[in-house]
Every structure is written in structure tokens, then in C-alpha cells.
Amino acid sequence: MFKLSPLGKRLGSIPFKPQPNHPLLNDESSVIGFVGLGNMGFNMAKNLVTKSSNSIIVYDINKDATSKFSQIQVPLSSNNDSPRISVASNLSEIAAKSNYIITMLPESAHVKAAYCGKDGLLAHLKPGTVCIDSSTIDTHVSIEVSNLISDKGAIPLDAPVSGGVMGAEAGSLTFMVGGRSSDEFLIAKDILQFMGSKIIHCGGLGTGQTVKICNNMLLGSAMIATAEAMALGTKLGVDPKLLSTVINSSSGRCWSSEVSNPCPGVLPNAPSSRDYNDGFASKLMLKDMYLSLNAAKSQKIPLLLSSLSTQIYGHVCNDADLANKDFSSVFKWINKK
Amino acid sequence: MFKLSPLGKRLGSIPFKPQPNHPLLNDESSVIGFVGLGNMGFNMAKNLVTKSSNSIIVYDINKDATSKFSQIQVPLSSNNDSPRISVASNLSEIAAKSNYIITMLPESAHVKAAYCGKDGLLAHLKPGTVCIDSSTIDTHVSIEVSNLISDKGAIPLDAPVSGGVMGAEAGSLTFMVGGRSSDEFLIAKDILQFMGSKIIHCGGLGTGQTVKICNNMLLGSAMIATAEAMALGTKLGVDPKLLSTVINSSSGRCWSSEVSNPCPGVLPNAPSSRDYNDGFASKLMLKDMYLSLNAAKSQKIPLLLSSLSTQIYGHVCNDADLANKDFSSVFKWINKK
Amino acid sequence: MFKLSPLGKRLGSIPFKPQPNHPLLNDESSVIGFVGLGNMGFNMAKNLVTKSSNSIIVYDINKDATSKFSQIQVPLSSNNDSPRISVASNLSEIAAKSNYIITMLPESAHVKAAYCGKDGLLAHLKPGTVCIDSSTIDTHVSIEVSNLISDKGAIPLDAPVSGGVMGAEAGSLTFMVGGRSSDEFLIAKDILQFMGSKIIHCGGLGTGQTVKICNNMLLGSAMIATAEAMALGTKLGVDPKLLSTVINSSSGRCWSSEVSNPCPGVLPNAPSSRDYNDGFASKLMLKDMYLSLNAAKSQKIPLLLSSLSTQIYGHVCNDADLANKDFSSVFKWINKK
Amino acid sequence: MFKLSPLGKRLGSIPFKPQPNHPLLNDESSVIGFVGLGNMGFNMAKNLVTKSSNSIIVYDINKDATSKFSQIQVPLSSNNDSPRISVASNLSEIAAKSNYIITMLPESAHVKAAYCGKDGLLAHLKPGTVCIDSSTIDTHVSIEVSNLISDKGAIPLDAPVSGGVMGAEAGSLTFMVGGRSSDEFLIAKDILQFMGSKIIHCGGLGTGQTVKICNNMLLGSAMIATAEAMALGTKLGVDPKLLSTVINSSSGRCWSSEVSNPCPGVLPNAPSSRDYNDGFASKLMLKDMYLSLNAAKSQKIPLLLSSLSTQIYGHVCNDADLANKDFSSVFKWINKK
């Protein structure tokens, strides 16, 4: 089990400018509030409490999730010998008790409600609280909420993740982080490292969201392009493994051809080889594609290809068989009769 | 300078079944006919004659090209002390004098005309001649011509290339080869190795073409997807180098983001960083995309994304500035006002 | 000048059920509040005050617009000999003084702010006020605001228009109206008839918006389809007038070919024949297309074609020459080199 | 029964310039060759022989079709009291015996084979023969064949039709005609009027094909646009009949909304209201869309929307249920789960 390292030590060449209102971290007394114990959040919070020595207070409207979380066995706090897991009755309690708050929620509206709603986090936020939102949401909503957090004297960071439920379980997520400064990024990194193996500073507020959706938007189209190429080549009589091997050593190479080839049988460990189960659900890809289109609309950038890809995933998601399968099942949709 | 290795020695575990009509190669006496001395063909033929010890006879309707080729300095034939480069007056002469014929022509119609036209290659083809077409053409035309070559007792192979003019110059092309058998593939490989560093057997007749166009079709869409992601991310304030670095370590990774990023300045050696010069011209990508769509049409496979990408390159090619630039200039088209 | 006809007389076969909180209209004493004096709203409000005998109170953040409006010459009120035009200082005053409120605002956010903002209309709305929103906005926002109006005991109707600035000037707009009942539709029609020549009851709350955007979405794609057909046919040497004549007598016939052909010279009175000026601006079409896509997203209906059309108008709007021209200028974009 | 009117009489204001090699029509002795007795051709030829007084000689590789045709009861020739229907053994016989030749074949390749194949029509064509091709084929193939016909001293015209099998039966087809001159158009019109009610001169050779495919291409996209609008509007709760009524009185109006609305129940007589039977098959629309894209490719005109529409019909045609249904069944494909 690791402890949070004293903040100053790890900063290396990045000069440290303490934020006026920020309580320097005293690891063991810092309390982490965690809002959102879904498939992702539950596993992230579990890693946090088992790998760090901090106390954690959790909140979710789903009482089964909080009840299940409170049964995780962890050592008592070395600080005061009290239990390290508690369940908050409401968001005000999270705000009142936490030095760090992590939110992991499904959509923009949930994040906005959690912070700005009546009796939401903002109303009771303590100055200096580090507020990390790991939800994948609209960039402009992220920035809007972050600014409100700033106004309260707290420290906002957007830190969406990639890596899926398996990455959340393994603590190997990638965090793409936007924040006001390198220092504040490093403060957040202290916490995020318990849940992820790659913590990337993407720039100012909102850039974590932006990088996340740009990556996924590109992935979404590249997967369809790969599926179309595999569909065409195999229909014309080329062996799918040979086809993907050549592509992977040529300019067609991409994550979708190399790591998660959509044609069943090409890669034994890819979702396509297990009937598209246990991957990144098409509906989540559709959600991320729409976040990208929203951002593009706001910037007046026409995205012909991504826009079409989005609608294609819309069709995949309307297919009863494929709705919850890995998004590489677009291959199946393309070949459907 | 290499000599063609005795055929049998290199076959390894693939059992060698001599083709009835095939003259076993006596390296030094084999004559190679080369049809098509364009930007690609000239450099390929040059490598062939300088790296091998065979004689070569070339043909092109462009007399400047054949004249220039005949001035290349190479040692005399060790076989009979005669010059190793000659220029044919017509295709009949190529057919009459060659043991190998390589064609490197712009489009389906040219290949068809070279073989099937009045006084074309087919009319005078000797049984056993190894006929390698390295043009990128319609799969069905390729198969049709190959079957006519077979009917004459000669050996057809389709062997389109990737690697561009620079690869042709360096002799580092990739050949994607379709042929009737592994033995015949190996016979062709003996020759192709002087022009390329990767010679891949893709399967039966036509599969070389298929693999080539599937790769390029995927590449075409992935490039546009990358360009859209880079356009969106940078517009939203993310540093383009950082954005591409994160993408390259994530699921958005592809050749277009890693090797030839379309956003100027991200990769100093990419065409985008030299105003999109000296790459793979948009018009060639457009040509390959159309070959893919033709093949897909014949197989009744609807390709929503590739079809849109094709039309997008159509727009790029209609732009006077971008028509002959590298196809990653689609980034410029997307950002155009 | 018309007066509002006594309500009951015009109802024809539709049985009249007075709404409990609705003050039966006494034409001359009814005051109409009008919020939003832009290009459309100014002309609509002007028709209302000049064609009816009611008093009108207007509000706009643009003081030039309200000042200009207050200078319109109309007879005094026959009711009390007072001036029939007044300018409100704020929205509260509109709410407090009006029996009818018409809003004509650019986007969803403006309508929401006007009603729900601090000191917005809702806060001071009198029970029984007829609240007609003629803005073209998101269907779900329209329904949401309508429900809040209902909660205050007032009568909500969505009544977006088609016909453009010229229709607003001429009083010949088409109103597509959604409301809670036929009776309430008829109450609104009493007012709308002064501004439009076609008042259509589309169904329940929100249906006015839905019908409007469905029509415009179809129009948006049909215009592009027409532009593509005209571009192809004329490039192939067919006379554009002849081409459109044949299309108009065949199955290709549509409003875009018959009434507003995008090819210059085909129809002397179409925007295309006056350099695409004075029509329905591309940016307004783009706005409406996005409203459609939002609605489709909420209903999980993938719209491949409309989605692509939207992005095409995005490109048109990014073209400095075409941004504010009639949307049929997509023809020019298609033919651009 | 009509007779062909003496040629000169009907020319009205168009000055008549006799073509050097053209035998002025002597109605009763003119023989019409008809090649292609499919669903369309059979009915067209039947109208021709029953409504005119000319003799007809037919050819089809399907012997059942020619046999069935030869059993049609018509009066003997008033010219020589001989039967007016005969069946040719081969194309040479058609060429040798006909003053007019009409071809009604499925695709470009068939027309090319019928004229240019070994023992095809060209080989035995008499100078002055009027050669009308009513097939819908590639514009460039049409022009190519027409030029070969011209070279033989015969008179080429392209005259594709719209109106479907029902129009062919009723003799109410529309012919879109390209020809070398107005005079030659009028010569063809003499014959075409027995099969169609609208005979339109579109311009020079190939323009008949061009106008046909431009119309159908526009129709193809407009139908999808209509289907998307109807799908969205009805999902949002608007009555489909009301929605189409408003659209039809507004700018969304098009043939697909007014005459063949794709939403079942809106128009009792539309294919959509009889499970999409007995209309214009999706596969024929797909064929025409591809003809358009081929033409656009040759002219270097990118067609983003039409290209996508084509692939959408590709999906419809791959659906076992919808493959042979009316193309308005794209509505069903869009709503498919």
C-alpha cells in the first residue's frame, strides 16, 4: 500500500507555486469524497481506498452500490484508528468533509446537477478542495462547472479516463487531465496514480475532455474504416488474418486493425472473437461521438466523416443484437443482410 | 550487384512443383521486359537492371523516358558481353524477347490495352513467360487479364506496390502479390526482390490488388478521421503535438497520426510539414478509393464511410492548391474558409 | 383594419370549452406583449398593431429597435383614446400588462432565459395569459417551457413560422402551431391571423416545432440533391432550363427545383439568379438542421442523410462568400474549385 | 389504331432538313425491330404493334418471351396482307430487316454487346436505320455506341424512359431523348408516341441518359430525405398525414412526399400503403444511382449526398425483405431495429 508522497518532493523541474487557498496535503488526514459508484466508479474508488491510506467517503443514489462499497475490507486509518470508508447521506456531506472530490458520472447533466443542483456540491464546497471530474462530458459544460468551482476558491480539474471497466479494476486507466496549472495537475496526479497507470497533463481546463473525445472520435471512424476494409477484402477472397497482417505492416495500420480487429477470428483476444462481448459498448462510443459533434458545432468545424460515423453507430445501437456489444460489432452490422 | 539465386535453393519448406511450360531460370540469360517508365516504373526498372545481372528491354510511349533509360550505365552482360539495356519498338518485341514481363501502368484501361490491344503482349506471348503486373487496377480487370495470360500458357501475377516514388528509388517497395501458386509467387519474388524490401504473397490471382486497395481504402478514411480529430482538438486549444502524442499512445493511434500526421508542425518529416509536398498525391488516393468502391459494388457490399471519404478526396482534388499535394492536405481542406 | 372577432363565433364545428382561467377576449382591451424585435419580429409586431385594434407593448434588449417601433403611426385606442404602442422597461412589465405574449427570439437559450431567467416572464405571468412562442427552437426546450407556463395557469402554444422576412413584412407567414387543445389553438389563431396567411394546427405542445424542423430538414437535403443533379446535368452538357423543366414534370420535382432552383438563370426570381441574395440564409438552415439532429438524437433515430447535409451546410457557412447567402448557394460550393 | 403520320406534316415551326441517308418513312412498309422483351420491353413492343400499323420483328434470348409475343393477335399488314409480328433468329436478322431498331436492355454491357458484339447489330446495320436505345445505361457508353451507329450511316438516339411497368402497359411512358438534331428527334417521336405520352427532346446524343439519371439521382436522395423527416416527425408524435399535408404545402414539398409518401397509410395508393409492392424496385434505383456516380466521376464532380444515398440503397438492397420492394421502403430500413 502506498501513501500519498509529500507534494513538493515529486515536482522535479516544474517549479511549485502553492495555491493560496490550498491546504498542503497531509496524506493521512486527507479525506477523499467519491461521487458515482457505477461500473467504473466502484472499481476506481476501490483501488483508491485499498492502495492509498486515505479515508474515503462515497455517495451514489444507488444504495446497493454504497452498501456494497462499505463492505470492502481495509485497514483502519493509521491517523486516528477509525474506519476509512464511510457513506454520505447527501452531496452536502461530501462537500463538507472532503479535501478531494472525485466525480464519475454518466453525462453532462449529472455532473451539472451534482455541482450546481439544490444542495449540490458547490453550495458547501470548502476553499482549496481539489475537485476532479473523471466523467466524460461536454467540454463546455466541463469548463462551465470548473469555473464555478474556481469561483468558490476550490481547484477544478477535468480528468476523463480510457481503459474501460477492466482498466478500472486493474488500476491501469489512462487519465487525460486538464487543469489551471502544472502544480494543480501534480496535486491531482497524487490521487489519480492509485487508479491509473498513465496520467497525462493535456493543458488548461477542459483539455482533458477535448483530448479524450478527439481520440475516441478518431477511433470511432477508424474502426468503421477497418471494418469496411476487412469486409471487402474477405468477400473478395483474401484470408482475413493475412489481410490484417499486411495492413498492420502498411499504412492502413491502426489500433482497430492491430489490437481490436473487428473481424472474428483474426485476433483471438479481441472482442470480435468472443461475439463482441466485454469491450467498449457501442452506446458509449455513440455517446462520445456525440460529445465530439457538439464540440465541433460550437467551434463551427464541419466534420463530414465523424458525423456519418456517429449515425452509423446510431444504427448499430438500434440493432437489438448489437446495442450493448463492443463497438467493433459495426463489422457485423455492415455484413448484415 | 546480386544475381538471381538458383530457383530451387530458396524455396524452404514450400515444395517446388515446376510448371510444365516454365523455362527454369538461367539467371544470366533471362531477359526482363519492362512496360511503363513513369515516375514509379523508371526507378523500379533502374533498380532491376543495376542490382541484377539480367538484361532488360523497356517500352513506353514516351520516347524521352526510354531514351533517358537507355543512357543508364551498367556493366555488359557477363553472359555474352552485349549491352544489358535495350529499347523495344513495340509491345510485340517485348513479348517476343522476354522471359519476364513487368507492367507498371496508370489504369485498368492501359493494362488491358497493353495485353489485349491489337499487337498487344498477348498476341506474341511465349508460353512460360512470367507476367507480373505491378499497376494498381480494378481487381476484376486484373483477374480477367490474368486468365487470358494463363490461356496462353504463361504465368500471371498481380503485384501492386506501396511505398511511393521514394520507395521505388530506394528499392524498398512493398509488393502485394496474387498468383496461382506459392511456387509461382517464389518465381516472381526472385525478380521483385531487386525492387522491393517486402514481397508478400496474398493468395490467388487478384488478391494482390485486393489487399492493396483494402489497405489504401482504410488509410484514406483514417487520414480524414485523423485530420478531423486534429482540427477539432487544436481549435479547442489543445497543443497539436501533445494531442497527437496522447492519440499515439491510445486507441486513436494509426499510421496517419504516427507517421504522417496531417497537422503541420507535428512531425517535421511528414508531408504536412513541407506544405504537403512530396507525398502520396490526393489524386492517386482518389483513384485507389474508386477502385475500392468498384470492387465493393461488384460484391454488393455497401461502404458508407469509404464512399463518403472518396467524395471528400474528390473535393480536395478539385481544389487548385491541393490537387497534386499529399493526401493529408485534406486537413487543409477541412480547415478552409 | 380588422378587429379580433368575438371568440365563440368562429369556432364552427369545434365545440368550444372555455378554459377555466381564461379571460374571454374583449378585443379592444386585450394587450399584446411582444418580445423580440429582430428582422422577423419587428415586421410581425408591426402587422399586428396596424392590422388589429389592440394595444401592444414591446420589449427588446436592442433599444434602437424598440425606439424605432414606438415611432410607427397607428390610430389611438378606440377603447380609451390612449396610444396603442408602448415600450416595456423589462420582461416583468410585459408579463404584468399583457393578455397575450408573443416571443420571437433567435435560439432555445433566449426563450428559456426570457421565461425562466431571473425577473423573467414566468415570475410575473398572470393566469390565463396566452403565451405564443414563434421562435424556432429545440422541441424539448419548447415543451419544457410550455409546461412551466401551464404550471402558472397560463396557456402555452408553440407557433414557429415559415416565410422569411418577406413573409413577415407581407403578413403572409405560415404558422405551425402546437397547443394543448383545439380551443386554445383557435384563441391563438385570432392573433396569428394578423401576421400570417396560413395558421396550421399541428397537434399537442411541441408539434409546431417538430413540423417546422421536419419540413426544413427535408428541404435542406432536397436542395443539396437538386444542386448535385443540376451540377451534374449541366456539366454533361444539358441545358439547365431544360433539365429543370423535365425534372419538374417528373419524379425529381421538388420545391428546390420548381420554386428556388439553385442553378443561376433557371428561375429569374429565385435567389440563385440574384447572386443568392435575399433568401433564407445558409446559417439559418444550418441552425434548423441542428435542431432536427438534436431531436433525432433524443429519439434515437439515426439520420444518415440529414446528418451529412448538416455538415455540408457547415462547410457552406464557413465559406466567407456564402455564409450569409441563400442556402441554395450550396450549388456554388459544390461547383467550387 | 393510328398510322404513322407523314413525317413532314407535324414539324410545325422546326424546319425540316432531311438527312441524306434517311429513307423517308412510308408508314406501312416500315419495319420495326425490337430487341429486349423483358417486363418493360414486352409491353412497349405490344403497344407499338397494336397501336401502329407497322410490322415488328422481335428478338430476345429468352425464347418464352418471343414465343409469347408472337401470339399477340393483331390485324394483318394492310400493305401486303402478311402477319405483322415475326421473331428474329438473331441480331443480324433484326439489322437486316428493320427500318427502326429499338433496344430495351438491362445494362450498359448488354447494349454494347447487342451492337458491337460478334454478329451484333452494327455488323449488318443498313444506312438510314433509326436506332433508338431506350435502355438506361452509362452516358459515356451510350455516346460511344451512338457514334459507332453514326459511323455506319444510321441514326442514333438515346431515349430512356420513366414510368415503370405500369407506364409501359398503359403506353404512358415519358421518353427523354437525346439525338443529333431536332429533325431526327421528330423521326423518333413518330415511333415513341405509340409507347409514351410525353416525348421530350433533351439535346444532343447522350442527353436523354443524362436527364434520366439526374432526375432519378435527385429522386433517390429526396426519397431518403422524406423518409427521414417522416420518421422523425411521427416518432415525435405528429400525425403522419398532417405532417405530410403541411410539408406538401410548404418548402419540403417533393414528389416523394406528395405522390409516393414512404410512410404507410399516408397515401392509400402509394407503394408504402401496400407493403411497398409494385413500385420502382430499390435495386433499379441503386442501378440508376450508380450510373449517376459513374458520370459524376468522369466529370470530376464530387457528389457527397448522392454518394451516400447510393450506399444507403445498397443497404436496403442487401435486406432480404426489401430487396425487390419499392425504393420508398428505405423508410422501413431507417426504422428497423
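In order of appearance the chains are A, B, C and D, and numbering begins at 1 in each one.
Basically, a residue touches a chain if its C-beta (ideal position, glycine included) is under 8 Å from a C-beta of that chain, and two chains touch if they have at least 3 such contacts.
A quick map from chain label to UniProt name: A, B, C, D = 3-hydroxyisobutyrate dehydrogenase.
Bear in mind the structure is a predicted one, so any value in this text is a computation, not a measurement.
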Looking only at C-beta pairs in contact, point me to the busier pair out of B-C and C-D. C-D
Taking each chain's centre as the mean of its C-alpha atoms, which one ends up farthest from the centre of subunit A? D
Any idea how many Å lie between the Cα centroids of subunit C and subunit D? 43
Between subunit A and subunit C, what distance separates the C-alpha centroids? Give it in angstrom. 42
Which integer distance in Å separates the CA centroid of subunit B from that of subunit C? 58
Listed in rising order, subunit C residues that touch 2 or more other chains are 301-304, 308, 312, 318
Would you pull the subunit B residues touching subunit D in the complex into a rising list? 290, 297, 300-304, 307-308, 310-312, 314-315, 317-318
Contacting residues of subunit B [partner subunit C, same complex]: 304, 308, 318-320, 336-337
For the complex, give me every residue of subunit B touching subunit A. 139, 162, 174, 176, 198, 200, 202-204, 206-207, 210-211, 213-222, 224-226, 228-233, 235-239, 242-243, 246-247, 249-257, 259-260, 292, 295-296, 299, 301-306, 308-309, 312, 334-335
